[in-house]
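The structure appears below as C-alpha cells.
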Amino acid sequence: MTPFKPQDGDFETRVRESFARQAIMRTLNARLTKISPGIVEIEMPFDENHTQQHGFLHAGIVATILDSACGYAAYTLMPIDAAILTIEFKVNLLAPAKGEKFLVRGEVTKPGRTILVSDGRAYALTADGDVKLVATMTGTLMTVTGREGLSG
Amino acid sequence: MTPFKPQDGDFETRVRESFARQAIMRTLNARLTKISPGIVEIEMPFDENHTQQHGFLHAGIVATILDSACGYAAYTLMPIDAAILTIEFKVNLLAPAKGEKFLVRGEVTKPGRTILVSDGRAYALTADGDVKLVATMTGTLMTVTGREGLSG
Amino acid sequence: MTPFKPQDGDFETRVRESFARQAIMRTLNARLTKISPGIVEIEMPFDENHTQQHGFLHAGIVATILDSACGYAAYTLMPIDAAILTIEFKVNLLAPAKGEKFLVRGEVTKPGRTILVSDGRAYALTADGDVKLVATMTGTLMTVTGREGLSG
Amino acid sequence: MTPFKPQDGDFETRVRESFARQAIMRTLNARLTKISPGIVEIEMPFDENHTQQHGFLHAGIVATILDSACGYAAYTLMPIDAAILTIEFKVNLLAPAKGEKFLVRGEVTKPGRTILVSDGRAYALTADGDVKLVATMTGTLMTVTGREGLSG
C-alpha cells in the first residue's frame, strides 16, 4: 500500500463540490461516504427504477457509481486547478446486483501527472447484513488543465 | 459482414418484451429504434438529471444504453428459452457526451453457443444535425439456460 | 480475502503439466514460482529480444505472462477434467517495463462454475533491488469440459 | 469512415523505423504489410515456439501484434517529434488462434492531440485459404513529447 500525498490539501472540499454538481448522483440518491487521499467511497440505495429485466440493478448503473468513485479517488490527487476526464473503464459483473443498498470503493492504483489508474469494487448489502462483491472496475482518468469551461 | 441467422424467428418480440422489463430504460426515456439479427439500436434524449459535473451525460449512463444495445444485439441470436447475462464490458469515452439526443448501436462481432461478443457505438446528435461518435463498447455476453427464475 | 477450496487436491500437478506444455513460456524463459489455491506466480528474466522500440519489454509480452498467471490461478480451482480458455483480458500499462526480471502474480477475484475472473499484477525488479508495479490485468476465464482434444 | 490527415507527411518512414527497433517483432518474424494514415497491418507466421497448452498461438502473442498494429496506426497520425506509449488495451479472444499465418489490422477510431483510440482485429489464415477472426483489441495510446530519451 502506497500512502498517497495529495497536491492540494483541500482535496475533500473539491471532491464534495464536484460530486454535488453531478446531477446523476442526486438522481441515484448516491452519497459520498469516504474521501481520503486516493480513496473514495459512495453508497446508493437499491431502486427498482434502475433495474434490468431480471429485477437486478442494471450493470450500467453499477458502472455509473463505480466510475464516480474511481474518478473522485483520482481527483483527490490532482492539482487544485485540474478538471478530470474518464478516458475509459472496464467492468466485470461478478454476481447479480441485488441488495438493499450498494457500496462502491474506488482506489488509485497508479497516480501520474497526466494519467491515473483507479480500481473499484462494488458490494451489495442485503437487509440481513450479507455483503457480496458484485462488480469490479478498472478506470483510466486524465488530468485536464487549461481547457476553457472545464473544471472539477 | 456476416449475416446472422437467428435461432428463434420471433426474436423481435422477445427483445421488446425483455426491454420493456428493464425499468432503467423507462427511467432514461430510452426506446428501441431497430432490431435485426445481431443488431439493436436504442435512442435516448439528453436529460440534465443524468449529467456529470461538466454538464455532459455521465459516462455510466452512456455505458447503460450501450450495454443494453450490445446485450440485446446478442439476445436476438439466442435460443427461445435463454436468459442473457453481461459478463463484462469496456467503454472508451471519445468525446464529451453532449447533444440533444443519443443513438447507440450494438452489433454482434462473434456469436457463440455460450459466449457472445458485441461491439457498440454511441453517437451524440445535436439540434443542428451534427452527429458525433462519443463512446465505444466491447461487451461479453453469456447465454444462460435452465437457471430458475431467470428469463429474458 | 476468501480462502479458496480447490475441487481437485492435485491442482499443483495439473498446473505444472499444463504450464510445461505452453511452449511460449519456455521461449520466454518463464517459470512458475508459486502455486496455491487461486494464486499463481511466474517469473521471467528481461530479454532484449522481447523489447519494443524504447528498449522496454513489449506490452504484449507483459500481457503474455500476466495471462498465464491469471489463467493458471483460475485453473487451480477448476475440476480435474476441465480445460481452460481465456475469454478476454484488459491490461493497464502503468510504467515502462524495464528491469532485470519480472514477477507476475495472478489471483482469482471471483470463482464460478463456468466463468472465473482473475486479477494480475506485474512487477519489474531491478538489479539494485527496486520493485515497481508496471502493469495490471483483469482476465475472464472459462471452464471447458467435454470438448474433444482440449485438456489442461 | 473518416479519412485521416497525417501531421507528418513522412509517417511511413517513421513507422518503419520504429517498427524496426521493436526487437520482439523480429523475434516473432512479424512484418509490416500496410501503412496508411490511421491504418497499419502486420503479418506473422505460426510458430510452435509461441503456443499455449493446446497448441494454439498464446493469447499474449496475439495481443503483442495487435498492440503493435493499433499503436502504429495511431503513430501514423502523430507529430514528427512524438513518441508513442500504450496506456491500456483490452483483447477479446473469439476463436482458437490456429492457422498457418496471422494478419492483424489496427485502425484509429478516434484521433486526439494527447489520447488516441485504435481498434484492431486479428485473423488466422489456414493453408487451404480460410480466414477466421480470432481476436479483437481496443487500445488507448498516448502521444508523448519532450520526454528525454523517448522517441518513436
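Letters are used for the chains, namely A, B, C and D, taken in the order the chains are written, and counting of residues starts over at 1 for each.
Here is the rule we go by: a contact is a pair of C-beta atoms (placed from the backbone, for glycine too) under 8 Å apart; a residue touches a chain by one contact, two chains touch by 3 or more.
Everything quoted here is computed from the prediction, not taken from an experiment.
*Asks:* State the chain with the largest centre-to-centre distance from chain A, centres being mean CA positions.
*Replies:* Between chain A and every other chain, the largest centroid distance is to D.
*Asks:* Out of A-D and C-D, which chain pair has the most contact pairs?
*Replies:* C-D
*Asks:* Roughly how far is chain B from chain D, going centre to centre by Cα mean, in whole Å?
*Replies:* Averaging C-alpha atoms per chain gives centres 28 Å apart.
*Asks:* I'd like to verify one number: the distance from the centre of chain C to the centre of chain D, where each centre is the average of its C-alpha atoms, in whole angstrom.
*Replies:* Distance between chain centres: 23 Å.
*Asks:* Roughly how many whole angstrom separate the Cα centroids of chain A and chain D?
*Replies:* Here the centre of chain D sits 32 Å away from the centre of chain A.
*Asks:* Which chain C residues reach two or more other chains?
*Replies:* 87-88, 90, 92, 117, 140
*Asks:* Could you list, by residue number, the parts of chain C that touch chain D in their complex?
*Replies:* Counting only chain C, the residues touching chain D are 18-19, 21-24, 26-27, 48-54, 58-61, 63-68, 83, 85-93, 149-150, 152.
*Asks:* Flag every residue of chain B that touches chain D in the complex, lowest number first.
*Replies:* For this pair, the touching residues of chain B are 90, 92, 94-95, 109-110, 117, 119, 133, 136, 138, 140.
*Asks:* Quick check: in the complex, which residue numbers of chain D touch chain A?
*Replies:* The touching residues are 87-88, 90, 114-115, 117, 140, 142.
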